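Look at the two complexes coming up: chain A is in both, with chain B in one and chain C in the other.
This part shows the complex of A and B:
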């Protein structure tokens, strides 16, 4: 770790300039430790970042996420890929009982090599591994997809990722292959100094394939972390893809995640983004429906307290007719926490017969909690049914009173109400074992007993 | 079927398009400090007014046109516009002195300046281009202590009130168009309702952009003192024009303790022809403040005209227990673009606001609702309900909603809902079955759709508004 390269702040502030300087000085070594496919777009991405810089609140899309403080910290970057002294397979035991999964780790920004292949015997043709390695073994496959969704995004964070990411998680499910178990990807942040991780994940499902991916974000050490991850997902015709993200990180973490999903005709996508504990989180989610008869369900939930900040910035783009999408986000905010939600629903000119519904409901539990919500409909077709609803309020006093008058303590009544409030997001988890576990985690979280997955050794 | 209807819609002509031949006193095009001084000089303004204008102008120079709206606006050359136009006939003492051509124009617009006025109970401060020509009922209002006059008269006769209230709601630094207006505003209306007075009639102003290439920059200031009530109407029609005309107005409303102000607008400026040529650019800053306890402010607007509308009538709910309402129908057709909505800023305790917005888009138009509901940290028990519905007539138009909700207090209850759809085929079929033609059915449905808002308008206006809806959507509405 000591040899990892750290930027020295110029004139006391670590801004774009120091990263631009860092790239100019070290782009040779960044490229040397990465792969051709990723290097191909690197200079362009860097040029774009040089132009855009880090997003500020002056930008409409980042109005509610202020990265200024997080970016003043002098993070180290592991450009020379020095191995991190941790074996997640030894220390990590996941707390979801009964979940049988293909388990993989990304430590900071590097895919951790699978040490016991017996647990992870994959069906034929399925490739799961380090993006870096796979790109060397199957350059054509990776080349075909890599950067297709991310390189056109006019976003400073995505451009930064393109310039600095050297590795990531890769998953390829060939035609008509159905994965019998969910794939679990655990992102672990481990470092002795303040650290920044950039990784790029690539997920490809061919025609008729089916996969479930559970992404867990964890932190190990008590230092400041910043993770900036970009995930590209390509879902082929008739394919079914489920993406679960469970965030359980400590308060010194800045978690910036961009999830880009491209759906082809008749595909079915479920994305469920759950933030239980975090520092500052910004999830940018964009789902493009590029074929007819697509089904999309995007949901998410945030439980925030202390100084936590969560911004879910979502877009569902209906480019083709006859697609259905549903979006559901719920926030429970306590203490000084800040929540933000943007739900953009875009229906292109010829996307007739679109049915798109969006709901965002929020509960504020304290005087100092803040919520910002911004649902948007942008509709250019006429034969559509679209709606959105957003509410911000408190727990129902009458319901609470009803329960209290029947001998349930005020505390329990509050818990029950909050739990019920979030349950329809949890009901949208299609892995039973995970659903049960998240129910328990949410309950504990609402009781304030939990800030990490219980029994998850790595998080202690 | 629908295409035929749409075709007919696109053929619909602007019914109120005509120009009047009156000599106007126009200053050369362009904007500079000299022009600002010239406007002020021509209007015989006191020193402090000129200072205010110059301050605004200097600030305007540092600003850029806002680009965040969902609008495509071709570049506007602010140097190719004449910033002042006044009819030559200065200060008529009676009706006989009013230019007959002008009277004819008003009659065409259906504004009887004569006896009918008394019967309909409306006092009209008619603004032809920029200078107020004729003010009626001033005397009868004056008996009650109500001041209803042109802005320039108010500057002359009531400088204290103007100094106290002007720019107290919309400061010169507020936005690009507000700064521009503050620098070059020509005239407008001023209303002051004294303590405890209930204004006996609806106050009404008709604005009309008349001379070629003159942007109109009016300014309205309404002050309702404690325990008073006023209902104010503003209606607009403009003649046919090929070049785009710029209109950047400011409306400021101050509502004191226990007072109530109702502000209604019907806006029907020239929207451009069916190819999107010409039309008015309407960039308006309207804002009111509920300053005292229990004050109430209500905005109602029917927007059918203008090529581009950029308008967000807003309320600052500062007094405890104050309430605000916003009712809007915005119709766009042909190549019209509208980005309109409201802001409700809750500051006082127990404040409530209600937003009801109905958008109707046809042709190749774009219609957006953009609104903000903000609840400040000390705004205990704030309550808001917003509903924004969009109706799409045709497959080439767009309807968009951009609501923002920012809540900093946990006792707030904020609700928002929006829907977008086209006219239900079943409803049309139901009407057809009962012998109602498709055209009439569409008319019925659209009128029913906008009814909730139209009902909020004062009687006289409701009729006109309904007519306007029909003219704007002619063909598809019947």
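This part shows the complex of A and C:
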């Protein structure tokens, strides 16, 4: 496994300098092991990264994501695409009862070749596979979309991804095709040494298409990991897209994810991001409503303890009239954990009749846990219904006593209350088998029985 | 079964119970009446283990056990039940889940196996009928959006599920319409045996027409200042509390 690692030439140098040097020395290998479509934007992305660097807490949008410590670690990268000796299809057998998904893996930063019979029966025209490979087979299709959302972002992590990502997950659902089963993408971090993965996912739903994607992030080995993933999603007119993300990673992981969704008229999007267990997590989620009559529901939930940190930075951009968006995030934080939530809501001048509601509720179980919540409303239209609300509190003592007075132990009462608190986020999972499974996992997590990553909780 | 001796209790440093004594034996029904703010609910809270109240003096024993040493949940498992004057809403916790957890914790305390889902639902159905509780309520979150009367009915339903040895009903009659009052009182009477006992806190003699007490106590200024039979309730209904207050003041 060691030969697969490209050590940074300036080992020990903190921050971006070593990566800038790495790119300068190895950009040809990076390009050689990637594809034209991705390489087209690579040098520009690098130039942008050179200019921006990694985000620091001095930036308003990264005030609560402190990457300093994570960036002192000397991560290896797999620039020369040496195969990782693991067959996830053998190692992982999914046991979400009844989920029957189309199952795919990205091991570190590389799409793992499909060798599961279940995936051979995709509906006609549907393409799911390695972004790198599909870009060779269908360059026109990929070119039409790749980078459209990400390359305009003025963000150090996105720029870094543009420079270093060589592959990723690709999904294309043609016009009016409805995927009968959810697609499951398992991101596995597997390495014997501290390791970094950059991947770029591209998801395209044409007009009237429908798909559900479940992304599971998890770690296998007990080393430091940093993953920096960018996902672009294009949702066509009248299309329906559901994006679930379940994060269950160990505490030595820095998990940076940018999810960019572009909605066309009358499309319907549900995104639900659940952090069950992690180290440091940053989710940047931006949903742009670029057509009328869009429906958007963005939910998320965090269960944090120890020193875990989660920053969900969300933006919903209403560019067109008559769209509805709802946002619901809940955090349960214990020990020294830190949570942050930003809910940016932008309503353009002619996005009249916008209805947008945002809720962020948080429970702090210890005095040392911290939560920062920040609604950020910019409303330029005058005929809109918008509201936001944020609360930070403790468990309801009266409710706890009421339960105890019925013979329920204090521990169980707390658990029931925490579980109840998160239930409306879980209710917004529209895959029944997944909902049941997540209910069980959340309960287990709240009971403290899921205190470390146990491999993929969904799949093992 | 219950022996309260010279009980003193504070909230936020203010003394509310000021030397209260009361003995309850199996099979008895005790009514406690008294003016607003006298300390009736405080007594109920102290007996059920509400930590907001601090016991500064006195003792409470329940079947020989020191009740004040027990956690609220153990008091419940020992057989004390409080029907709250103001039941609490718990959004997101379903009645079924709440009751099943409670019943099974009681069973665990008695070294019994948890109830099977079918047995539990059967018992739940029987007890719902006892208080004529709407099925829809049982499928909702605990007390969430229940009307005042529905909440009170739900308290008695829970009492039926947990089959306590001593039930303390704190103004269970307030907020009930005339029919509901009869139904709830009937429920309480049906649950009555020679082995269990009730403390019924009320302002109105009307409830005592249905639930006939063996003793009526007047709680005033943190103490029981007068005890009589059920006719005392009628007298109070007639004359109010002034004469009692006067008696107390003269005695000092």
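Heads up, the rule we're going with is that the second predicted complex is superposed on the first by the 435 of 460 C-alpha atoms of A that agree within 3 Å, B and C clash if a C-alpha of one lies under 4 Å from a C-alpha of the other, contacts with A are read in each partner's own complex, and residues count from 1 in each chain.
Keep this in mind: a contact is a pair of C-beta atoms (placed from the backbone, for glycine too) under 8 Å apart; a residue touches a chain by one contact, two chains touch by 3 or more.
Computed from a predicted structure; not experimentally measured.
J.: Between chain B (first) and chain C (second), which does A:192 come into contact with in this model arrangement: first, second, both, or neither?
T.: Neither partner.
J.: Which partner chains sit in contact with A:222 here, chain B, chain C, both or neither? Use first/second/both/neither.
T.: Neither partner.
J.: Go through the superposed model and pick first if A:136 touches only chain B, second if only chain C, both, or neither.
T.: The answer is neither, since A:136 touches no partner chain.
J.: Is A:399 in contact with chain B, with chain C, with both, or with neither (first, second, both, neither)?
T.: second
J.: I'd like to know which partner A:410 touches here: chain B for first, chain C for second, both or neither.
T.: The answer is second: A:410 touches chain C but not chain B.
J.: Considering only the defined contacts, which chain C positions touch chain A in the complex?
T.: Residues in contact with chain A: 48-51, 71-73, 75-77, 81-82, 84, 87-93, 97-98, 101-102, 105-106, 109, 141-142, 158, 162.
J.: In the complex, go through chain A and note every residue touching chain C.
T.: Result: residues 396, 398-399, 401-410, 412, 416-417, 419-421, 423-424 of chain A touch chain C.
J.: Would you tell me which residues of chain B are touching chain A in their complex?
T.: My answer: residues 68, 70, 377, 390, 392-422.
J.: Can you tell me which positions in chain A touch chain B when the two form their complex?
T.: Touching chain B from chain A are residues 60, 349-350, 352, 362, 364-394.
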